[in-house]
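My questions all concern the structure below.
Here the chain labels run A, B, C, D, E and F in written order, and each chain numbers its own residues starting at 1.
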Amino acid sequence: MKRTVIPGRFQPFHLGHLHAVKWLLNRCDELIIAVCSAQKSHTLENPFTAGERILMIRETLRKEGVDPWRIMIAPVQDIEYNSIWVCYLESILPPFDSAASRNPLVIRLFKERGYSILQPPLTRREEYSGVRIRRMMLEGDDDWKKLVPEPVVEVIEHIGGVERLRELAKTDEVIRG
Amino acid sequence: MKRTVIPGRFQPFHLGHLHAVKWLLNRCDELIIAVCSAQKSHTLENPFTAGERILMIRETLRKEGVDPWRIMIAPVQDIEYNSIWVCYLESILPPFDSAASRNPLVIRLFKERGYSILQPPLTRREEYSGVRIRRMMLEGDDDWKKLVPEPVVEVIEHIGGVERLRELAKTDEVIRG
Amino acid sequence: MKRTVIPGRFQPFHLGHLHAVKWLLNRCDELIIAVCSAQKSHTLENPFTAGERILMIRETLRKEGVDPWRIMIAPVQDIEYNSIWVCYLESILPPFDSAASRNPLVIRLFKERGYSILQPPLTRREEYSGVRIRRMMLEGDDDWKKLVPEPVVEVIEHIGGVERLRELAKTDEVIRG
Amino acid sequence: MKRTVIPGRFQPFHLGHLHAVKWLLNRCDELIIAVCSAQKSHTLENPFTAGERILMIRETLRKEGVDPWRIMIAPVQDIEYNSIWVCYLESILPPFDSAASRNPLVIRLFKERGYSILQPPLTRREEYSGVRIRRMMLEGDDDWKKLVPEPVVEVIEHIGGVERLRELAKTDEVIRG
Amino acid sequence: MKRTVIPGRFQPFHLGHLHAVKWLLNRCDELIIAVCSAQKSHTLENPFTAGERILMIRETLRKEGVDPWRIMIAPVQDIEYNSIWVCYLESILPPFDSAASRNPLVIRLFKERGYSILQPPLTRREEYSGVRIRRMMLEGDDDWKKLVPEPVVEVIEHIGGVERLRELAKTDEVIRG
Amino acid sequence: MKRTVIPGRFQPFHLGHLHAVKWLLNRCDELIIAVCSAQKSHTLENPFTAGERILMIRETLRKEGVDPWRIMIAPVQDIEYNSIWVCYLESILPPFDSAASRNPLVIRLFKERGYSILQPPLTRREEYSGVRIRRMMLEGDDDWKKLVPEPVVEVIEHIGGVERLRELAKTDEVIRG
């Protein structure tokens, strides 16, 4: 039994993430999707709560017909302590034997603990990017909807996600200053 | 769509918990099993890690033939701050409209935030008890295996859980004293 | 200008506390009432939130005709680090030159940082006791209302405080076990 | 009874803040001034401790003849967890029904929890700005004293606040590098 | 090169600890003495600060003529997270290949991470016990001085340690109640 | 007896640090080297763990023939709370009467608590700089080895420190985005 963990922030979960998940499901038996920075939300970099992101991922994988016993989605709060982060994942997640990432820090931390690394290939990388999608939302460009799975569009519309992002971008901060 | 959250420590997940889960699945569409005190393990009260407990629950529900899209299992660390604990759950879990518990604190906290409460009936309460099961493990009484689902026995045996509990119970603490 | 700090949990604020406050106001210019363990609530030992406790104290002192510019009431969260606790108070409160307490730990910590200590005399100590008042609430003995200032009774009744305490005392914990 | 909370860092409390407080006191019965980032001090962005900032605000409002029973000033430490921040304020402050802010994040967070928002009008916004006042202090421009209430000048001079800020701005960091 | 870590609270460092240290120095090249619960002090169980405990150990080993390059003494704060505690030690201490302890939890945690365990033999265990020494201090029995190395007596007398412990044992807690 | 504390991150410990240590040992009896930001590692700014940094310093001072009873090296985690940071150092370190630093924040914090400050002179400051050494490592310029003591080179080579830094600098972050 091969179990892989894929850590990410998924702000939001987009088609690049979905392709990575599918690619990984062809290479392992079970996949743990770790929704990192679970405590972060309501910022331009991290607009959605962990609960909202988990819902996006679940509904997408359900619609895609993925075997649900082969995936697990878990919220993971930051601990701000790189050298013990992998041990922390080991403690809150079922045992895994490899990790999937293209993030250099993540790769290095898993390697130093002896894990093998899976690097999903990039799919239309310039388009499938959280930074780009959030920017499109801010600028009123509705084409972001083509870059995420349909259920993600539904979740974001249901929670008023684009409106939230735009409100957060307003810069009148006289009180705080 | 009705979604319920059932918070618990599940040290370990036993037949009482399983009955509660089945009872709840007859009353809601989706059930979030919140594995609380996720940071705790290796004590007499909390011998198993969150990852181990999640594995116990997953394998049990898989074997029971539960529809996996109707359940979600998530590790939840303690925040030691009762009055905001429900808000904390709201942030890391998909939205829920009711909570299942027989714990007075849990019930009170959800009620004060306006949630309705589901109280699963007790099934052979004296037997199906985490305290009792852990005590049987300590005392070498193998009948604890009759009080938990088969997959839980397998996980505990695989990780050497009974041996762990017994080692932790030794009381020679000269160095720490 | 002499400013004194009186740290306490005030669960709830009772007549013994009120006498201590008045005694202190005769001996200093300003009094900072530090509402400690601000993060704790909804337990048998700490039933009320910091916000509720602050309201009790404010309304009591308002009714007593205390000069409001001579008092300040502040929520103070625990830091679980005794040897720096006084420095922590120094950072979040206006400067003070003495501390009022009968608690040996509190007295010792302030003394080691060079503060002088004021020890308000005990007034009907067996009666004016948080432990006793909470026990009376649990046991349905309405005489607790004679042991706290009237505005405290009003706050507790308004928030359903007695009902909260009684619900928390129920001991059926099958789910958590 | 209408009670409003106004969260801010007040580094330092300036005339813009004072105008906002007065405007709010014309629209509610009581005002809670939440001194946020209470754990921060001794940086260029946050030079003053929470205790120092509370003192500035108290002395200003005392001098302005504000009714002290209509205001409350409380230190509030950051929790770095946006989606539960409002619940956190609810737990440590007396109950409030609206919030005053021009900060988009603060406004959004209160709105999502169902609070109404009061937006005090801007008064000479370019001048009354914490950023600007701190810059003037650094540059030796004593006109910052015209932008804050007199008691704030006194507190800052008493604690050597301008000297502190200037010392912190020195950039010789060979040891840390 | 064999390096061993010995974790303990050392409240205070007594002759049993000293014997263990010497026994270990005969079996490894370097010994890291981890002064745990570094954040705790001023309680009956943990009267001394980490700084005070480190001083006790340093002065004792200096007087005993131990080769200082073969030992290292480090303060270690609790993390309250058993399953990652060993990883945490790995991050803040130089690399070690074994651990010395008679504490069942410590032994188990190191074993699960693959470390070998050294168990120093017990020396006059009933006498050399932190619990017993602290009780003797409380009861005014000066024979505790025979159970700790001379430099430990000197440190404790210098800081007024016995007086601190006795003050902390007073039980008049009317203000906190 | 004069004991001084020198706080630093030592990422890595370089010849400038070594000169400062020697200069200080000529002016005090004992020197505590506080390895700050102990929880940080595996970033471009903070590549090495506290354990690795302690090892670098120990091996350097051993080779330099420094009297080991005159130095102490301790890991110190950040608390992100400037105004109580000195109290925190007081609690985990043996008592000290002065602090050595050229960092304005550090100097200010110690001064406000009444400590005297020692400012070691700068030695070839442009060269002996952590920022510069880390940049040289990244750029493949082996001359960094001339800027740190030989034992530091050995530790860094033993742990693959340069390779770690270079891997962390890769910028392909598609999964995290």
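Heads up, the rule we're going with is that a residue touches a chain if its C-beta (ideal position, glycine included) is under 8 Å from a C-beta of that chain, and two chains touch if they have at least 3 such contacts.
Please read all numbers here as calculations on a predicted model, not as lab measurements.
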item: Pair sharing more residue contacts (C-beta pairs) when B-D is set against D-F; value: D-F
item: Distance between the centres, which are taken as Cα means, of chain E and chain C, whole angstrom; value: 36
item: Centroid distance [mean C-alpha coordinates] between chain F and chain C, Å; value: 44
item: Two or more partner chains touched - positions in chain C; value: 39, 41, 49, 81, 83, 90-91
item: Pairwise touch network: line, ring, star, complete, or other; value: other
item: All touching chain pairs, where touch follows the definition stated at the start; value: A-B, A-D, A-E, A-F, B-C, B-D, B-E, C-D, C-E, C-F, D-F, E-F
item: Residue ranges of chain E touching chain F (in the complex, touch as defined); value: 38-39, 41, 49-52, 54-55, 58, 62, 68-69, 72-75, 77, 90-95
item: Chain A residues touching chain D - in the complex, by the definition given at the top; value: 39-43, 49, 164, 167-177
item: Of all residues in chain B, those that touch chain D in their complex; value: 81, 83-84, 86-88, 90-91
item: Residue ranges of chain E in contact with chain B within the complex; value: 6-9, 16-17, 20, 80-83, 100-109, 120, 122, 125, 128-131
